[in-house]
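Next come the structures, one after another.
Here come two complexes built around chain A, the first alongside chain B, the second alongside chain C.
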Partner chain A sequence: MLDATLFAGQVFNGFSLASLFVLAALGLALSFGLMRVINMAHGEMLMLGGYLAYLTYLIVPGPAAILVAMPVAFLGAAVVGGLMEVTVIRRLSSRPLDTLLATWGVSLILQQAARSVFGPIGVGVTAPDWLNTGFALGSLYFPSTRIFILAVAVAVLAGLGLLIARTRLGLLVRAVNQDRMMAAASGINTRRVDLAVFCLGTGIAGLAGVVLSLLGPVTPSVGQSYIVPAFLVVVMGGLGSMVGTTAAAIILGLVSALSQIFLDVSMSQVLMLLFVIIFLQFRPQGVVATRSRALEG
Partner chain B sequence: MTDHPLLRHAWIPVLALAVLAPALVSSYDLNLLGRFLAMAILAIGIVLIWGEGGILTLGQGVFFGLGGYSIAMYLKLVSLDPGYLPDFMEWSGVMSLPWWWVPFQSPLFALLAVVLVPAAFAGLFAWLVFRRRIAGVYFALITQAVALTFATLLTSQQSTTGGYNGLTGFTTLFGMELGTDGANRTLYWVTLGLLVAVFAGSKWLMASRYGTLLRATRDGENRVRFLGYDTTPYKVVAFALSAVFASIGGALFTLHAGVVSPAFVGVVPSIEMIVWVAVGGRNSLWGAVAGALIVNFAKDIVSSAMPEAWLYVLGLVFILVVTFLPNGLAGLADDLLKRRRDRASAPDAALLEEAQ
Partner chain C sequence: MESLLNMQGVAAHYGQSQVLWDIDLDVEKGGALALIGRNGVGKTTLLKTIMGVQKATSGAIRLDGEDVTRQASHDRSRAGIGYVPQGRHVFPHLTVEENLMTGLSALAGRGKGLIAKGIPGHIFDLFPKLDQIRHRKAGVLSGGEQQQLAIGRALAGQPKLLLLDEPTEGIQPNVVQQIEDALRRVRTELGVTIVIVEQYLDFAWSFADEYCVLMRGRTVRRGRTAEESAAEVAHLVNV
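== the complex of A and B ==
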């Protein structure tokens, strides 16, 4: 009986972790699918979102602060992301590995800037009272913050799904995703689509930063602790697919949480990595494969 | 770059200076130089895998650490009085030596481990990944996850790895007392000798048929497959070799620095290693050695003058080099020489045109 409770609790934790992975990885997956570039400074967009949440709390304290912080962080991170796209990523668009390295340079600078401005020790964001509760189900306890994070992840997924499926921007994104040359030939400004998607992706990371600030202090390196699992989610999900990213996030969240029943955190990290490598033995193209006859994609 | 008759023999004075360095510089600078030459061995490995193979790895710190820890475990054990355990194990209440520490009592085993452990681990890992044709960005991200995982593991298993502080407090190596001027000089020459050997070996390998096929795989993997080659073994060998070089570099670095810790193996140090080669030139063995020395001396100077500034400098240099100088300083030097040569031969072309 006790085991069943523990198991159920860890399943909940797994989904909770998965919602963080989704929020951290979605933006990466979006721009990776479209532009084939990985933004190593994506973790710093989480950090930026966290610090923007902290600043918002200083200016508008009160129970609604977090609801103000979310759009602020989204916009702030989207603007910084847009600047990065225009100044660095666009120049390197034909060299994906070099983009990865250059954005790592950006990541170092942003981390050091955060250290200079806010100090090396983290700043705390106190969750509003209405999130400081939780409810019990038998001997299980579900903290409200965790449920809130799950809800945010579901809302972001739904919103993004609608955006891609129903709006004009979504149509353009799908067109460029399918065939960049054809899309450009039919008059779509592919560069502007790239920019929009990149901003959207970093914006979601900013949002994720607000959510992270509910769980612990915001430090200059807060993004680093989530970004490597997020990279694994992208690798496992398959070329920028939203469904694949979500599925991979859930699988890795569950693997991590359930393995922690009998392993310590570091060993569970080893297990997660082994799991990804073994998974790729069977499905090297990821959870959701893009079907294509192209030899080199 | 080696076209110019003066430059073709430039290595002779450079090598002569390097051999005589113990007589020319202070013992502090000699120690630094020794460390950076050890890092240059690792940098040559990155040229093989990244420059020649086109495979970006963000996990070289893992192999640097494997070499460093292998030699450090031996050093730790040999400096103990009989019947005692390493200090950090006693503090953590470990009663007997863990089984995987036991063979490191033998110096021969430790030396073999420096070469064989990374070769086996890198070979197996690379075979698993390359066999399924996972490449490019995916490979880079997976190697980065390996670096993070290895560093976390070393840090968290405090009682058997020394945790965050790593392994330090070495006294003797193969019966030689460490820390004396004589020992430092010997270590320096050993490092230099190994660097020269690795350099020459790599140069030979890259000129061989293997090197040609590796470059061909980089430039058009499917074409090489259509010609009937299986490309996987070529890439696996390149990755394993780069891992062995990283490990040798790590072992030598540990001897010079007197410490090895997770701070040398994680995500950030692993990418810093790529920075050395990016700055020096990813397609040039000379460039990689120069890059490792330049970046590390710059780091030493900048971070002792303004510790805050180093990460800004590193980040900015990396962005600029990757964006504007993809072939690094070696590429820049090549371009300059070529321009001079073109200018020198330009009048001939003009005469030729006139004659026609």
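== the complex of A and C ==
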């Protein structure tokens, strides 16, 4: 019989993995939902966030370093994302395949740059003491790092939801999303809205990089290991829907964690891929069908 | 009279196909011009070209003396052009109030605090229905309500020039009258200059001071509605 403690533990791990997936995938979903851009360099924004966290730890050591690193990584990745949008993506906006290739090129350049600056071997970020604890519930143990990552994901989702639903920028994003031509004819600078959303998406990836650095070393290719599940989450979520992205991240996180009760990690990855393929056979529109280029619903 | 909109030698293409040839137009401040013609002669394209939604491939477009030919659509909106397209194009998943608020974007750069002031009261005065349904999603409204919303959204940007593409098309007759009355008030009370594409000649004649007939992408006849009857040009418009 299945051990209930093991099952509950894996459910927690599933949500923990889902929180990483959602942080890695939200930016992709945002830029794809609004601009139909597939940013192959999105993983490198995670990497950048990780290295910025490392640098912040060197400059501001101490228990609050992680709290300083988060805004630093968000802003740093957002600025680099903004530069990429202005110099590459905007100029190729009507050529999606070229955008794909160009952002892949940016991804290679950023990886090599990281290799040249920080070396091929990863750098470590030590979690502050207050994250090196955990609490036990019966025979279950919940590490603080994992709970922290979950809290960050929930905070990011709530913040993004509020931004989209309650602010003027959110209103403009929704308008551009629904009818780009009419938004422009109503006086909305659609290019500026695109830029803001792209910066926001890459900034969130930067944040994801900070929390990833708590789990393992930051390497030049750290983003690559999360980009594939992030793409899976975006596709399964319904290409651009925030609710769909979150739901898909939870489903895939749980599938991956629960399958590890019976399978090793590699087989569980195979199962996750198979699951997505079969899911899309039955529901090609994803968890949430997007009627327009949609961030809502 | 001073002209608000001036077009000289304007041409437009869809890909390789030319759809507008050598358009010259002049609309005086506070005036109303009706663009008429059969289906597919380029009336909608002409409005799109004025709005900047469609690129002018040659010629010049001036608004109040300022050359806007190379300006992006949002800059033309901010310069004072309001647009009510065919099919209304309301934002379906936004509420009525949110739709109207998007129109305030045209006020950017026209003075501090204008956007923060919110939706101008005269829009609800012109279209009281919009006030009653302000929290409903635009996608579920009737055609007439959506048309009132599309006009209200364009007026929220306080335009000098309003482009209307068949504002009464596919709308219940009782609502058509309300829209016509509101548009007359937009002219007389708000002093907005209007270019209207209208198939319904009686309304075009009673509303506009001038008409312009388009045929195969060219202007073929112009005149003042007070000096000729609609019947005299009907053969150029009806199939």
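Methods note: the second predicted complex is superposed on the first by the 289 of 297 C-alpha atoms of A that agree within 3 Å, B and C clash if a C-alpha of one lies under 4 Å from a C-alpha of the other, contacts with A are read in each partner's own complex, and residues count from 1 in each chain.
Here is the rule we use: a residue touches a chain if its C-beta (ideal position, glycine included) is under 8 Å from a C-beta of that chain, and two chains touch if they have at least 3 such contacts.
None of these values were measured; they are calculated from a predicted model.
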Fit or clash between chain C and chain B when superposed on chain A: fit
In the superposition, chain B vs chain C on chain A residues touched: B
First (chain B), second (chain C), both or neither touched by A:181: second
Touched partner set for A:172, first chain B, second chain C, both or neither: second
Partner chain in contact with A:88 - chain B first, chain C second, else both or neither: first
Contacts of A:195 with chain B and chain C, given as first, second, both or neither: neither
Which superposed partner A:8 touches (first chain B, second chain C, both, neither): neither
Cα-centre angle that chain B and chain C span when viewed from chain A, reported as a multiple of 10 degrees: 90
Chain B versus chain C - smallest C-alpha distance in the overlay, whole Å: 15
Shared contact residues on chain A - chain B and chain C: 296
Residue numbers on chain B that touch chain A, as the complex places them: 56, 125, 128-129, 131-134, 136-138, 140-142, 144-146, 148-149, 152-153, 155-157, 222, 267, 271, 274, 278, 308, 311-312, 314-319, 322-323, 326
Chain A residues touching chain B - in the complex, by the definition given at the top: 32, 36-38, 88, 91-92, 95-98, 100-102, 104-109, 111-112, 115-116, 224, 228, 231-232, 234-235, 264-267, 269-270, 273, 276-277, 280-281, 284, 295-296
Chain C residues touching chain A - in the complex, by the definition given at the top: 51-53, 72-74, 77-78, 83, 85, 89, 91-94, 98, 101-108, 115, 153-154, 157
In the complex with chain C, residue positions of chain A that touch it: 168, 171-172, 174-175, 178-179, 181-190, 292, 294, 296-297
